[in-house]
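Presented below is the structure to which this report refers.
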């Protein structure tokens, strides 16, 4: 599935008879072999979500006509749809503060070809990660948060992200809370990594909270940032067993590994268009 | 999806264009709403496997005519198919020896409604588990393996399984190796639980082998029994971390938990027709 | 370490020089070979906790004189200590409501010899589990909670537990909240199993909360019951990955397995005197 | 335990009465507060292993006299002992081939302070990882394996390792099998990462083997390299669930994460002197 290009059709609507058959026929009738298809119906809410990957090589319509041709079907079923192409590399804007572990991990994966994305910029409120930006030859944009000037800094961040036309923002341990204004204006999804097993230990210093509570397992959660802090739809979570010998410093250290691969998996699923949000939840078609 | 009945269509063929669309249309055209559908293409072998669950309540064909109506499509695509109905409870024949943990677990799950199966018999080469058969009110058939009389005992086991028309045999820590003759004759799948993470520690006393090798993790594997000991298609595996403080007895004790829930998950997936075997491998549509 | 008896000395005090050497010498000087020893110092609080297992077979003091002989050392170091003997089987009082999975699991483990305890009674506010009590031949005490009569019922439960001189109470999915009065009066530790990864999803219907939040992992937590609901010291936790295909019923079903083995591990650690509580936390010497 | 220096005493002998007390008293009598202590007795072999960490700040002997002062006790008990100091940074020689993921991970951890080691050289049979050596400013030594010249290359590797006086060699996906001559001569432990859950899938292309066998879980194993390929004492293992949708490329990709953190944990445990080898097994005091 790697070398040739394929289309990825995402569908959301209310569940109703015949959708699967109708979508499959649409693609088949135009010569688009279905390579992979998965769907989900939430029995409680009646939401239907579907992801279909199809071969473009013998498709009888030009790319830019496909979505329009699907429109009549979408209308009949009340479908909200997206169409992506596997050879279009999403542009990822990275936000970081001082900690470099998630950043370096994402940069490495991108360099190695695990993440088929472009990274036009690393934006940070601190100078520390310039070191890594240089090593990976990614432009680094240092926008410090000056006292009383947070809104101004956010505007600068936004301007940079807009200028570079990023498709998704990834907060790779960016330690600033984004304002509602920012989230309303950014115009693309924002992925955050929280260093706890949400909804446990919302807010600041979750490892300290975990240590104080005496939990036997710590976690990390990647989620879409929304206006409600740490309440956005969860993309990925994972956990690690700890013991009484682990100090807070050990939790922080062990947690770095968790944060790193939880965020990496979330970003990968997002940029491969495997994540569908509905309500406060996500469906991951992996 | 629980109260009403539904059909489960399983398909195996070589991958080719239009299968998904054709199957979906077939079901849709007869009024069978697709509740769940999943398929898989093995890119290496070209095998295509699919499981589709559809609502029977408004299906316009009587049950016993559905499969025949699908035959022409199956012929065109070279499909091998099975059709099951969710309200037909598979009949499970349980084989045990002395250890009761897997047995009691399966009996409990069945009693609780987690496993929608009938259990017409527990067959054992030892009398020990009669205790549990009595408590769960399942017929117990004690067929000891007398010296030099193993073939005769196997014939008795087979006769009992055939008489009771079981759909699947589950070796819940049955400590006898079934002969090729048995497996050729039994006429239904046989699920075994091996107390190691296969292919590590094939054969006898795997916990002793694990202890001697000094592994840091132990496992259990549920697989279909085939002529090649411990080589059959794997249905489910799981593992557990151990430490140097664990003696062989600790491995045996901890391993019981693993064996128990690995076998339970495998049986559940099998009886819900979620397991498709191809070659030496399985696809689990869960 | 199985057939002969051994002593288990538990120690809590403030960390100070020479404790380990002093305790080891005390035991050695009386001929008590140390079979196992583990200790922990909490660097933040300065608490020191230690568990030492020693051979009794050549110990030069009679059992009932050992603890008194240790008293002078305890006084010097400000030690709070407990002395247990491995051949004294703790008496466990089981509380259940309608769900039987944890109950049957504990009864099975006890019968199999995994839990070296006596179970003099199963107390329930419902009649349902009588079925299992009969099968395992344990007395069943049905004490329903009548409207407005909860305090009276608690008094009956207490009276029964006291009459039977239980050493620990295990709430094996007992769906009543125990009052402060009960916990103040019961006179022994009470272990509860909560069906979430605490502190996430405190309170009622945690699987529903987990489903609504869209978490990717569910958990279970065994903890000592205290006056603050779901806030007691955590003994054991474990988790399980779930997916979007899992309905609330699936979470409940999968969660049963988690609850079962998390509670079993917690009870085993407790009755083997491996759990030391300090502040709101536990140390598990396993 | 971070800022001040401490001593780490490792002990191996046959189990016998009074060892724990004697060692604790030795340290205590010289003013060495025991910060951490753990020991293990293998009941089958009678081996006794112990790791004790003690404060050096008020120790009444100079460092270089401690081990000699312990010698009489070691003699009485037949103890083989090692004494390490926490502020002595082990020197790690890294061997790599083309894959960079383990290498970069270790370099990052070292740079971040997670691994308190010096890395005087990266040796490789390929030029590829020069890129990373440059970025982390570590000398890179490219020693290609020319046809028929493998013994000569090994001699060059050895010469470099000896010249730099490394304390441990880490094969961070070094794809050459080290000869017996090399292992006999290197004079320090060699840690390897094998990309399977040993003893499953010994030898070449373990992910291909895993894919063909249809396992549901893949693993990675860090072990000491010995003359018997993939048979050395295991230090650390971990696993990851896979599914039928995972191609061999997916296994390779997912496996990289496993290899990375399994090797990192093994190296950390080794350089913190937490690993004691006895026979073909290890005890990890963590």
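Order of writing sets the labels: A, B, C and D. Residues in every chain begin at 1.
To be clear about the criterion, a residue touches a chain if its C-beta (ideal position, glycine included) is under 8 Å from a C-beta of that chain, and two chains touch if they have at least 3 such contacts.
None of the values given here were measured: they were computed from a predicted structure.
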I want to compare two interfaces, A-B and A-C. Which one has more contacting C-beta pairs? A-C
Geometric centre distance via CA averages, subunit C-subunit A, whole Å: 42
Using Cα averages as centroids, what's the distance between subunit A and subunit B in whole Å? 37
Got the subunit D residues that touch at least 2 other chains? 36, 43, 245
Viewed as a graph of touching chains, is the assembly arranged as a line, ring, star, complete set, or other? complete
Would you mind writing out the residues of subunit C in touch with subunit B in their complex? 2, 36, 100-101, 104, 108, 112, 114, 135, 245, 249, 253, 257, 261, 286
Taking the touch rule as given, give the residues of subunit A at its contact with subunit C in the complex, in rising order. 40, 42-44, 197-201, 212-217, 219, 233-234, 236-239, 243-245, 247-248, 280-284
The subunit B residues in contact with subunit A across the complex are 1, 17-18, 20-22, 24-25, 27-29, 31, 33-39, 41, 43, 241
